[in-house]
Each structure stands twice: as C-alpha cells, then as structure tokens.
Amino acid sequence: MILGRVVGNVVSTHKDPGASDIKLLLVDRVSENGTGRGDYLVAMDSVGAGPGDIVMIVAGSSARMTEMTTGRPCDAAAMAIVDMVEKDGQIVYDKSGKT
Amino acid sequence: MILGRVVGNVVSTHKDPGASDIKLLLVDRVSENGTGRGDYLVAMDSVGAGPGDIVMIVAGSSARMTEMTTGRPCDAAAMAIVDMVEKDGQIVYDKSGKT
Amino acid sequence: MILGRVVGNVVSTHKDPGASDIKLLLVDRVSENGTGRGDYLVAMDSVGAGPGDIVMIVAGSSARMTEMTTGRPCDAAAMAIVDMVEKDGQIVYDKSGKT
Amino acid sequence: MILGRVVGNVVSTHKDPGASDIKLLLVDRVSENGTGRGDYLVAMDSVGAGPGDIVMIVAGSSARMTEMTTGRPCDAAAMAIVDMVEKDGQIVYDKSGKT
Amino acid sequence: MILGRVVGNVVSTHKDPGASDIKLLLVDRVSENGTGRGDYLVAMDSVGAGPGDIVMIVAGSSARMTEMTTGRPCDAAAMAIVDMVEKDGQIVYDKSGKT
C-alpha cells in the first residue's frame, strides 16, 4: 500500500454506474513523513477521509476488497486514515500534529 | 485511477473478438489540472467520451468491471467524463472552461 | 493497453505447459506514431501478428481474456493488429504506409 | 517478489474492517544485498516480521494468497523473512550478520 | 513477460506455507540480448532453471497460472528457459553460446 494526502476531489456526472454514490478523492502521494510529491491519483473513498488526511491507498484488484468498493471499477481505494507513522523508532508523522 | 485527455483513437480490423464493438481511445495522461504529458495509452471507452474530454481511467483487472468491458481483454477503461477537479479548495479544471 | 511493434520472437523448449503452442513475440514499445523506444517485452500472440506489425498489447490479468490465452501464464498478449492511429485529427500511423 | 527492510509501522484506528487485526509494516525497498533505497511502502505482515528484518514482499492480487491476508484489501504482504541471499556464488546478505 | 538471468537464490526458513517447497530465484532483469541491468527481483521457479539461465518471467496474477505456482503467494514466476531470442532477423541471444 502507499500513503497519500487527500487534497481535493473529482466531480463527474457522466460515468459508469459502478462509480455512483462514492466519493472520488484527489490524492497526492506522500513520503513516509507526509511530505507531498505532486504525484496525483484518484482514489475511491472507503473510509470517510477528509481534506488534509493522510490515507493508506490500496491499489489493483485489492482495491475492490473494501466494504465500499466491492464490484466497482476501482483500482485505488483510500482504506485507512493514518494516525501515526513510526520509522526507526521515531514518530515521523502524527495526525494530531505532535511530530 | 488516473486522469487523461481523449486525443484520438486506434483502428484495428484484425483483433481478438473481445475487442469488437467498442471504441479504442487514444488518451494522453494529464496532470490534475488537465495539462497533457505526452504519455499515451489506449483505453476502451465505457462512457461515450469524445475528443478533448478529460476522462478517469481505471486500470488493471478493475478495467473489466464497467458495464461495457465485462469479460473483455481490457486493462484500461475510460469510466467517467470529468466535469471538475478541485484541489486545495480551488477548481483547477472545469470542463465548461470556467477555470 | 499499450502499443508495440513486433520485432522478433523468443524460443523456448523447456517451459511450463501453459506456454506451449503459442508464439512468443518480442515487442518493442512504440509511441503513438509507431516510433520504437528500445523498451522490449515478450507478449503471447493472440492475433497472428507478424514482424513489423504494430500491435495493441493488453497486460495483467486481462491478458488472459483473449481466445488464445485463457488459462495461460500470460501477463501480456498481442490482441489486435493496428491499422491506424488518429491523434488530434491527424493520422499519425497508417499500416498501409500512407501517413 | 521484491525485498525490503522493516523500518517501522503505520497506525490507523479509522480503517476498513479488512485491515483490522493485522500489523501494517513500513518497509524500505532494498537491493539484493540489503542496502536501503529510501523508497517506502506499507505491507501487511503475514509472517511475524520485526524491525530490521529483510522480508520478501509479494504484491498485487497475490498479496491476498497468504494465510493472514486472504480476503483483505491488501496489495503488499511480507510473506517471508529472508535468512540469506546468494548471488553469483557469494552470500551477499546473511541475517546472522556473517556476510 | 520480461526476460531475466538467474544469478542466485533467496533462502528463508520463516515464511508463509505457500512459499514452501519451491525455489526462490534471484533474477537480474536483462535486455533482449541477455545483458544484465542490475535490477533484481525474486521469482518462484516453475521450470527447473539454474544459475546463468535466461528465463521468461510472468508477473502479477498470471504468475499463479503455472503448474508449480497455483494458489501460491507468487507475483513473479520463471516459466520458461529461453533458448534463443531473434530480433530483426538476427539471433541476439543463443543459450548454446553461438550468438
């Protein structure tokens, strides 16, 4: 899985039925400490993520294994909101801001 | 999913039956604001997209999960025509031209 | 799907049964106008492609969705011989040579 | 499969049920001799790996084929702890430290 | 599929049951004429490949379609030992050494 920050969303009215009733998040890939890369992708929201959240993205066929994405034409799903990333014994990202 | 602009199409008469009766779009990958990258791929059209449209592309096995692509040898499908992309609270792409 | 030019083939006598009785094409990835990239891959032939043909390659699990590749250990299949590529209203590749 | 070193973990309370009760490892991709690349991914732990371990990561749909990951929204699983890597007749990585 | 040279192997005692009783090959990706790239991956051996052999690697879910890898957590399998690669009418790799 990769980490990304929710930075916006994508709006579409004309789409395959499998993309109905689910939020399409614009996500910026981030490094392990939450730094953005300017490398954007669109992920279906499986977890109620909001702007600024660091999320864990599952890709490929496994993106269809969340409760919200079963059977959908979905190759990327935000499946977890990240609270903390620990690396080499240090907290390198903390959602509460206490890094 | 990734975003791309429909820039043309691919014509083939000699092909696997699974590629019959569906449009093969030439798509240029675009950044989140619709800027082209000159990085082309071919996607099956699941949504009736036309030249110039920014579409959302679903890849991998999930490309076979749209109504139009079930059971086809398809690893990329244009599954939604994008109306708007919002990033950091700004509209960075608007199909109607009002960016 | 991506585009590639058939430039040769791969011969193997010692192989998994799933690779028997199907041609293994050496394919050079090409840009949308047929220019080679020197980036080679091996694809199973699902369409009777010959040397010099520009083919459409389907990758991943969808490579097993052609008539010739069902159930095979195949992650790339040449599924269509390309006649023409149209981009921005221009024919940028024409098999008959009239570009 | 690729090789990676377990360097930390990711904590999330708000997540898809399929990510419950399994450890989310922060993994640094390594070269064949165990040298880190600073290219991080998150993998579900299928093998009880600990900090510093070099693990073998299986990706894509096959990441769901371990005992621990069946049916989960998982595209990367640490499925083996590496004891030794032999290359060109030399041991280039040895967990016990005797390289 | 891609081509690679078997340059060694990976040893693991602590692993998912699905990785038992199968050889884990260290493979160097090679160009079409067999030149190494120093870009290593681990592949399960489905064909009895030995050191120095150029093999054809199948990746993704299709890596589970060989006789040896069915149901295993395997995203890369060596499925064929390459005898010869022909490119533009020339033999660019010949296992017997007569290039």
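Order of writing sets the chain letters: A, B, C, D and E. Residues in each chain are counted from 1.
In this text, a contact is a pair of C-beta atoms (placed from the backbone, for glycine too) under 8 Å apart; a residue touches a chain by one contact, two chains touch by 3 or more.
All values reported here derive from a predicted model rather than from experimental measurement.
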Just to be sure I understand the contacts, which chains border both chain E and chain B? C
Same or different interface residues for chain A and chain D, judged by whether over half of the residue numbers are used by both? different
Roughly how far is chain D from chain E, going centre to centre by Cα mean, in whole Å? 21
For chain A versus chain E, what separation do you get between their C-alpha means, in angstrom? 34
At least two other chains touched by the same residue of chain D: list those residues. 60-61, 63
Cyclic chain order when read starting with chain C and heading to chain E: C, E, D, A, B
In their shared complex, chain C is touched by residues of chain B numbered 7-19, 24, 26, 40-44, 51, 60-61, 63-64, 71-76
Would you mind writing out the residues of chain A in touch with chain D in their complex? 1-3, 31-32, 46-48, 56, 58-63, 65-69, 77, 79-89, 92
